[in-house]
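One chain, subunit A, links the two complexes that follow: it is found with subunit B in the first and with subunit C in the second.
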Partner chain A sequence: MSDDKFKLLEERKTRYLAAMNLEKPDKVPIRLMLSEFSAKHAGYTFQEIYYELDKNIDCVNKLLNDFDLDTTGGAPSLWWASLHDAVGAKYLKFAGRELDVNTQFQYHEEEYMLAEDYDAFIENPTEWILNTYMPRIHKEFAEPGSYRANVALIKGGIGMLTQLGANQKAWGTWAPEYGGVPTFTAFSKAPFDTLADTLRGLSGIMMDLYQRPEKVKAAIEALIPHNIFYGMATSGGEMEFPLFIPLHRGAFPFLNPKQWKEFYWPSLKKVIEAFWANGKRTLFYAEGNWTPYLESIAELPEKSIVFHVDMTDMAQAKKILGGRFCISGNVPNTMLAFGKPDEVKEYVKRLIDEYAADGGFIIDAAAVILADAKEENIRALIEAAREYGVY
Partner chain B sequence: MTKETLVKNTFQGLPPGVCVPWEQKEKELGEIKGDPAIIKKEWEQLEAFAYMYIWGWVHR
Partner chain C sequence: MHHLTDELSIAIVGLEEEKVMALVKERLQAGVKPLDIVKKLQDGMTEVGNLFEAQEYYLSELINCGAIMKAAMVELEPHLAGSEQEYRGNIVIGTVKGDIHDLGKDIVVMLLKGTGYNVLDLGVDVPPEKFVDAVKEHNAPLLALSVLLTSCLESMKEAVTAVKEAGLDVKVLIGGPMIDDKVTAYCGADFGSTLANDGVKIAEKVIGA
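What follows is the complex of A and B.
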């Protein structure tokens, strides 16, 4: 590692950690979740980054070379399409196969867990996932024990390790050669989301809340230790950077406040508190609007989360959570896609003026940045953050 | 989704990180001539990998 890259790495890391610890760093950290935007920037099709690990990783090389980012979320495509083809995973559709080469991947939601599955799931979720869920979502597993299913299982395991190894190797380059700092180093989910996203789906869970609420609660209770384990296992012992939880069905008004307090919040709170007790902070990536729930979120241990603002009222978030948790956000993605650089700069300036003065603030877009964002607007965001975000 | 694919569980209430408990495997192995702690540690490490693979298809 060259001296200047080491210095850059240390500056960025110190800046990021200071903000998360509610301190005033030298500058407001810039943390952008640059996803499919980075494929466009690197000149790759979506098919290329979804299917080819080296190109997916190369997108980040180009980003780190071309933009002054304090952290990076890693390779833009989380899901390796080749691995999904190997097992015949049917819940994701990818560019270049079912979709045009530059179409964003799509999630095909169904009730992959039936209402009748609750008891078996609650009794032993791990075994139920392998025996019942995986044959449903993987076409290659349609006949468990068959030659096709056995080959797919081998390819699936090898594929997942291949992807993990490629990403790990890439960090061996991003940190020393580009001064790249990870946005997060672990992943988990809110237990309600685990149940409501890939298992029961939105329509299934909404009916369950009325038809079998006790089963929902029992399933969520069963998920809590698994979601804690998954988060800590993915951290691999790394404790400085946060654990990423993308929060989905907890946004208002998927659930009404009574349902949220009864079904969503208690288990999420337990998971986050367990991470914090183990020394791991959570990046509370609150997609959508969480304004009605800010008072409850304030119950979490001080500094245990970074509260990310998407459509939540930023002023309310600052008023209720400021001084207790670092806050991040929230340049609207619509502005990055359809606005002008001057509008972006003005928005960033206002965010910094109104919410960053005391420290404990990270500038970011409102949500993950897809290919519709204009490069000049990303550059405007970064320029404004550097111009106005000096303490 | 059809009910035909429903399968009965082999184990009940497995803790996180476990797919086939060491206690079950130990019975099947019979006499262990060396240090069982080494075999247990290695068994459980690969158990955790398998567990993470399985749950990786749910946590999306």
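What follows is the complex of A and C.
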């Protein structure tokens, strides 16, 4: 590690951690979740970054070379499509397989868990997932115990380890050679989202809330220890950086306020409190609009989350959560795609003027940045943050 | 909260599935014209759309109401055969090429069907020429395009351009979470919205109540 890269790494890390601790760093930290944008920037097709681990990783090398980012989310593609091909995943669609080479990967939502599966799920969630759910969502596991399914399980396991190993190795260069600081080091989900996103699907869960509310509650209860364990296991003992929870179906207007308080919030609160009790902070990545729920979110222990603003009312978020949690966000992604650099600069300046003065603030886009964002707008965002974001 | 007086319309707004089904059966037996029963259900569904817009109802209520409506229509379907169901007009809808998301589209379809339009749903990942063909075939005065991914807005623009270049007499409505005036203008659409119930309002504007 060269001295200047080491210095850069330390500066950025100190800046990022200070903001999350509600302190005033030297500058407002810049955190961008640059996903498919980075494939475009590096000159790769989406198919290449989904299927080739080295190209997926190389995107970040190029980003770190070209942009002054205090923290970065890691390789743009969360998924290694080759692994999902090896097990015949039905729920993901990738560029170069079902989609054009430059089309965003997508999740295909279905009622993969049926209403009659609740009892077996509640009895033993992981056993049900392995024996019933995995064969349903993967063509290669269709006949559990068969030669084909056994081979696929081995391939899947090897594939997962290969991908994790490649990412781990990449951080071994991003940090010392580029001064790259990880945005998060662990992952989990809200128990309601685990059930509603990937198991029951939106229509399924919405019917359940009226037809079998007790089963929904019992399933969520069964997921709490599972999601806590998953978060702590993925953090692997790393406690400085936050754990990432992308929050989905607790956004307005999925659930009415009574349902939100009854079904969404208590279990999520327990999960976040458990992380905090273990010394791990949560990056509360509130996708969509969470304005009606800010008062409840304020109940969480001080500094236990970073509240990310997508479409939540920023002024309300600052008023209710400011001084209690670090706040991040919310340069609109449509502005990054369709706006002009001047507009972006103006927006960033206003965010800093109005919300960053007392520290505890991180500049970021509203959501994960896809390939529609223009490079000149990303540059304008960073320039403005550096120009106006000095304490 | 609303002006509805019919028991069936009120029952569907209240999400009372058993009551809705009982009333539908009761009225069929009593010889009420199936189309009149459908009309009462539609009145309820219109109110549910309004309540959603007023933020009194959330997606959970909306989806539930759609399921009740669907169950009631299954009951009514055999009795409707032969009687010419009068639709308020044809609307072609689909999610644009490259995007496979259907939740937003399905909610709009539910509201439009529920309020009496003949909705021709082309599904997801629909190429521009399919929209053109469907608008021609059904002589639809309104085409509704759905998108979730901001990266598929180019594809939205291509679909709108294809329809406009084909010289069809059709208004184009685009819907998705990132749609604003700027995006609507960029895509060349006639209307744009982020709100499901706007689909119904714009249909009324284009096609007439």
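Simple rule for what comes next: the second predicted complex is superposed on the first by the 391 of 391 C-alpha atoms of A that agree within 3 Å, B and C clash if a C-alpha of one lies under 4 Å from a C-alpha of the other, contacts with A are read in each partner's own complex, and residues count from 1 in each chain.
Note that in this section a residue touches a chain if its C-beta (ideal position, glycine included) is under 8 Å from a C-beta of that chain, and two chains touch if they have at least 3 such contacts.
Here the structure is a predicted model, which is why all the values come from computation and not from measurement.
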{"item": "Which of subunit B and subunit C A:229 touches, first, second, both or neither", "value": "first"}
{"item": "First, second, both or neither for A:106, with subunit B first and subunit C second", "value": "second"}
{"item": "More subunit A residues in contact - subunit B or subunit C", "value": "B"}
{"item": "Partner chain in contact with A:203 - subunit B first, subunit C second, else both or neither", "value": "second"}
{"item": "Residue ranges of subunit A touching subunit B (in the complex, touch as defined)", "value": "79, 89, 91, 107, 110-112, 114, 116-117, 120, 123-124, 126-138, 156-157, 160, 187-189, 194, 197-199, 225-230, 233-234"}
{"item": "Touch list for subunit B against partner subunit A, complex", "value": "1, 3, 5-19, 48, 50-60"}
{"item": "For the subunit C and subunit A complex, residues of the former touching the latter", "value": "15, 52, 55, 57-61, 63-64, 67, 98-101, 103, 149-154, 177-178, 180, 182-183, 186"}
{"item": "Complex contact set, residues of subunit A against subunit C", "value": "36, 93, 99-100, 103-104, 106, 108-109, 202-203, 206-207, 209-210, 252-256, 259, 288, 333-334, 337-339, 370-372"}
